[in-house]
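Common to both upcoming complexes is chain A, partnered first by chain B, then by chain C.
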Partner chain A sequence: MTSLQPKMWGERKLPPYVLLLFPAVTFMVLMYAWPFISSVLQSFIISGKEGGLTLANYVKVWELYRKDIAFTFAVTIFNTFLVGVVAVIFSVYFRLRQNRVSALLSAIFKLPIFIPFVVVSQMMNSFLAPHGLLNTALAQLGLVNLDKPLQLFNFAGLSFGFAWKQIPFAVLIIHGGFQMIDNSYIEAARSIGAKLPSVILRVLVPMNKSSIIVALVLVYSQIIGTFTLPYMLIGGKVPTTITVDIAHRVNYFRDFGVANALGVCSYIMVLFTAAYYLRSKIKEARQEVSQ
Partner chain B sequence: MKRKSIAMAFLLIVAFGFLAVQGAFAQKSRLVFMTAGDVNMLALGQNVFAPGFMAENPNVQVITIHTGPGNAGSQTIYEKLLAEKKANKAAGDVDVALVHEIFMKWSMDQDLLQPYAQMTNTWKYVTSPFAKTSLGINIEGYVMPLFQSQTAIAYNPDYVKNPPKSYAELKEWVKKNPGKFGYNGIKGGASGVAFVMGWVYAETGKYKKYAVTGPFDKAEVDSWEPAYKALKEFNKNIVITAGNVGTLDALNRGEIWMGPVWVDMFFTFMNEGKLDPKMRLALPEPGMPGQPMFFVIPKNAPNPELSRKFIEYVTSPKIQANEIVIRFNWYPGIDGSALKGSIPQEVFDKIYRDVTPADLQKKGLAFPLADYYNAMLEAYERWAQ
Partner chain C sequence: MAELVLKDLVIKYGKVTALNRLNLTIKDGELVTLLGPSGCGKTTTLRSVSGFLPVQEGDIFLNGKRITDIAPENRGIGLVFQNYALWPHMTVFKNLAFGLELRKLPAEEIKKRVAAVLASVKMDEYADRFPRQLSGGQQQRIALARAIILEPDILLLDEPLSNLDALLREQMRFEIAAIHNRLGITTMYVTHDQTEAMVISNRIVVMRNGKVMQEGKPEDIYMRPRNKFVAGFMGTTCFLEGIVERFDGERCILKTNDGFELYGIGTELQIGHKAYAAVRPEYILLGKRAEASYGSSERNCFKAIVDRSNFTGELLDYQLKLGSNFIRAKEYEAKTIYGIGQTVDVKIDEERLPIVHDTDPEAVAV
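This part shows the complex of A and B:
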């Protein structure tokens, strides 16, 4: 090793791939890696004060926001599960019933993907309100008493909003995966007597596992990071989501320390799923290369 | 040959065009107007003040810069001016700034502003006590108020015949009418924050110390626990609405009968047909917070006479009447009586019907000093939820 070093320095020749990688890597480091590292660092510093690293921000997070962290986690897990189940059912329907009705439905179903979250939030806000569209419509049918309407500015309403927005997105990915499965597999299963549920559970879902998991990972991390919907539905309530708390710390206190500590909690929540996603993507890429 | 002459002609046109544009800019003086506040303040600067002022002063170009809502927005302006001072910058970048009360405390301590107000021709209309002392410090001469924005309790007179006259009466009312009072907590907008601050003033009776004289005393914070525990009890019989707008919407849809709102939003919603015009306002004892926004001129403003001219324009009875009161429904920064001729009587009566100028003097309180303000918000998270 020591004998090689002077020779390399003497030649001063960088392998060409370093040059090629340089712009992309610099961009990644400056725009993604550095903010991420700096956010983690700042979570150990009390903003506006000199001094070393401290756990004070995390103590405050534990004292004031542990309920909100648990709530965020519960909302996210529940909705990821809900979105997964419903999206698989819809995708199976679109895969197995290919006619005009399903084509039309699947076209309409793509609409929510293109509607921004802030619009969805405003819509849910007036749709789910105690005297909003949903409750007044149910009252017209005699199902709900407007003096005691359904209260939906809570876990239930939030889940409805997330499901409305995220199911179509998940369907887009999962349905794409189902399309890749050749009809012969389904026909083969049918011909030896498989009923619909076992065709779904033992043929379609296992063969499409990777795209289902990718969809769930993306939905999961989007739900954790969403601010507008929780802010506009349950902003002032207790518990609320981490994103609302982060906005509160920054807007009212300019307290980036606690805000970053809350941020770190959400990074941890997405870390495992993100790691899984990356690993499966790398595996896919390797498979493609070897093919 | 032909191609060459076309190229020459093109170059000449570009060169002349460039000179012409530069000439046009050279003649215009630039006025940088930096504003804190929500995006409505940016719109106010860009769509109302700048074009209006430029129409009267064609040689001036007004540039509006927006820093963001709340104290944080004011803090950004303060940090900018302080940095200029530390760098010994003789001619700064900012001509006029529009700021919240807390800014005055910070910048007076650092001597960043110039006294200009008494030199303006609209000084004679300024009677608000907010323009003389703010958060316990003397600011007379350094500010001109643009408007006073105030919170109050809005109610639906169909269900509420005698609105509570104090926080104590409100507590009783809520016990008798569970689920019919709504506010937006402290994370959904400042009308909820103002309601909570008013609650602490009412429970402790220490408005003067918390908002006017200070000083900050950690022991005070610990003494609030019972006040917030009472608020926690109170919260069991109310609903938390979805934001400042959420309270007004819930009131309009009949979901709640009463709730704290910003007075300007209340009237604006009414004018736009988003709120039933029968709704009324009440300002309970000991009062609720509101805040003015102030015009200031930095000490190193490059062109103080022009800055003053801009402020004179915006605080003139004409603009105060047409824009501040009639269009945006704030209480004016200058004395209401100066506007009497300029505002239709029905607008004047509507705005001062439930909350009279005398009520505003007595019960239009200030937000607490910065340290108390932060402590009160955090105490809410600690004890009231």
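This part shows the complex of A and C:
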């Protein structure tokens, strides 16, 4: 029979239930920590060459890809903001209006979540093309001359694609949070004279802050890591996103050093949001404990 | 000055009629309680007045102005919720200041008014706390303060004490009554707790199935219930069924199914009507106390058998068998304890014995 009493192990007391952590910790170390550490280490090693650690890969990243890093950051920030704002508007609408239109929308809005990014990329490729569906439709309405169609294989097109794919995902999380807010909080605000914008901005959004943060952090991380959409819309043109550059370094040059250095840049970009997310979760947990 | 008038209100949920041509007037400064069991329409009434529930027929007037179709945010009504509904991300100060900020009052004025209202609910030291750092009673005081800080024309309270423990509930009843007396705001109070209604109300409206069963001062509702439903809802009541045999001056004499003659008060009955004597345990004398009062009259004096007795600390609660029926009797400061199976003299106070008909299906046409 296993005793739950602490046992002597060398000079340290180690309770037997620590063993229960072993599978989970091992999995985390092998599947997440080791690849991450290995990637960081390789970013300081020049591929195919003997020698110690060097910053050469980072120098190359700075020389060749700084515009792409800025572009990736700009695309990510802009789209996270865009997705956040639109998702909050949709979620508020679903929360406050229960009618046939909202019922229909809430039934179909989830569909893009289940469409893989590669399919979305192909859809956007044909929809946003110079003679694609969007330009043709706008031309029919007399808004666009097809001899000079809208060029959307750039920041704008990428944003459209990201928004199309990510808004439903964010709505799913944010709307879930809004649903948890009892009607009485909204009615209390209205009873003291709050109009809709005040109800949304001063009651609903702050009360649902944690869901909104979770949604934004996840959207931000997903956008930074997306490869297919920028690859199929922008490809090798400059500027493009870090993920396309990483694929380029690996596929054409087998240059894992620079690819990993680019990877580290994206880790750093995600690190801030992850830290913020963890901080808010810890704060939330502390508040729950104090209640 | 604020007078609320509800005229012929009809609200239906599908095929269910929640309010059935409800008419009610709450005079300026009055505290009226809507009392009734779940589903009687009391909260529906409150929500229709607050504007959160659209009225299908009828009208609502506040100070003579029709407000039936006015949005809740424009009605000038203070609302206190059962679950307090304090915004958890705001401090107490922010919760109270929100409404004033919406009215774009200067910061200094806001500070002054928040401080004053916090003092009025004895919560001046809690301005910087978040709702989660307050007890249930404190949260309810802040909810009340939030409703009154805007000096609303009318205050609506939706079962505000039902989430509090018994002791705190009792304390808060008096506090709400005191605040109402001090501020004189016209108030509609919803509860299913008849003691709460008795303590705080100027007037009680007893409701059932979307209709008013009876309205009046608390003591009138308690002492002169109009029908079996109202009598049963107010306090502990045992009913003895019978037929109205005759009237003797102000007294109505009911002959029960067991042949007992009961003298009581029954104003809306006629000879031959089926009726019920609403026997209240606190108006029954037992044993020597009953014998001592024989001198005045032997009316309503009977022999009963003790079926059950419970000691609750402050009193002895008996269940007695009178003929084929059971009645309850409560004895405070009891010197004699009667055992189960013992025969005991019983005298029912005829001044406090309402004789009522069955629930009026048409209810009260107010």
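Keep in mind that, in the parts below, the second predicted complex is superposed on the first by the 264 of 291 C-alpha atoms of A that agree within 3 Å, B and C clash if a C-alpha of one lies under 4 Å from a C-alpha of the other, contacts with A are read in each partner's own complex, and residues count from 1 in each chain.
In this section, a residue touches a chain if its C-beta (ideal position, glycine included) is under 8 Å from a C-beta of that chain, and two chains touch if they have at least 3 such contacts.
Values in this document were obtained by computation on a predicted structure and should not be read as measured data.
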Open item on the list: Using the superposition on chain A, tell me whether chain B and chain C clash or fit.
Closed with: fit
Open item on the list: Tell me the contact category for A:214 with respect to chain B and chain C: first, second, both or neither.
Closed with: neither
Open item on the list: Tell me the angle subtended at the Cα centre of chain A by the Cα centres of chain B and chain C, rounded to the nearest 10 °.
Closed with: 150
Open item on the list: For A:195, using the defined touch cut-off, is the partner it touches chain B, chain C, both, or neither? Pick first, second, both or neither.
Closed with: second
TODO: Scan A:187 for contacts with chain B and chain C and give back first, second, both or neither.
DONE: second
Task: Touch count on chain A, higher of chain B and chain C - done: B
- [ ] Could you tell me if A:235 is touching chain B, chain C, both of them or neither one (first, second, both, neither)?
- [x] first
TODO: Mind working out whether A:245 is in touch with chain B, chain C, both or neither, as first, second, both or neither?
DONE: first
Open item on the list: Per the contact definition in the header, classify A:287: touching chain B only (first), chain C only (second), both, or neither.
Closed with: second
Open item on the list: Considering the aligned complexes, could you tell me the closest Cα pair distance between chain B and chain C in angstrom?
Closed with: 48
Open item on the list: After overlaying the two complexes on chain A, where does the chain B footprint on chain A coincide with the chain C footprint?
Closed with: none
TODO: Going by the contact rule at the top, pick out the chain A residues touching chain C in the complex.
DONE: 182, 184-185, 187-195, 198, 202-203, 206-207, 209, 287, 290-291
Open item on the list: Help me check something: in the complex, which residues belonging to chain A touch chain B?
Closed with: 63-64, 125-126, 129-132, 149, 153, 231-238, 240, 244-245, 247-248, 250-254
- [ ] Show which residues of chain B lie in contact with chain A when the two form their complex.
- [x] 69-72, 75, 183-189, 192-193, 239-243, 246, 249-250, 253-255, 374, 377-378, 381-382, 385
TODO: Sort out for me which residues of chain C touch chain A in the complex.
DONE: 50, 52, 71-75, 77-79, 81-83, 85-90, 98-99, 102-103, 132-133, 146-147, 150
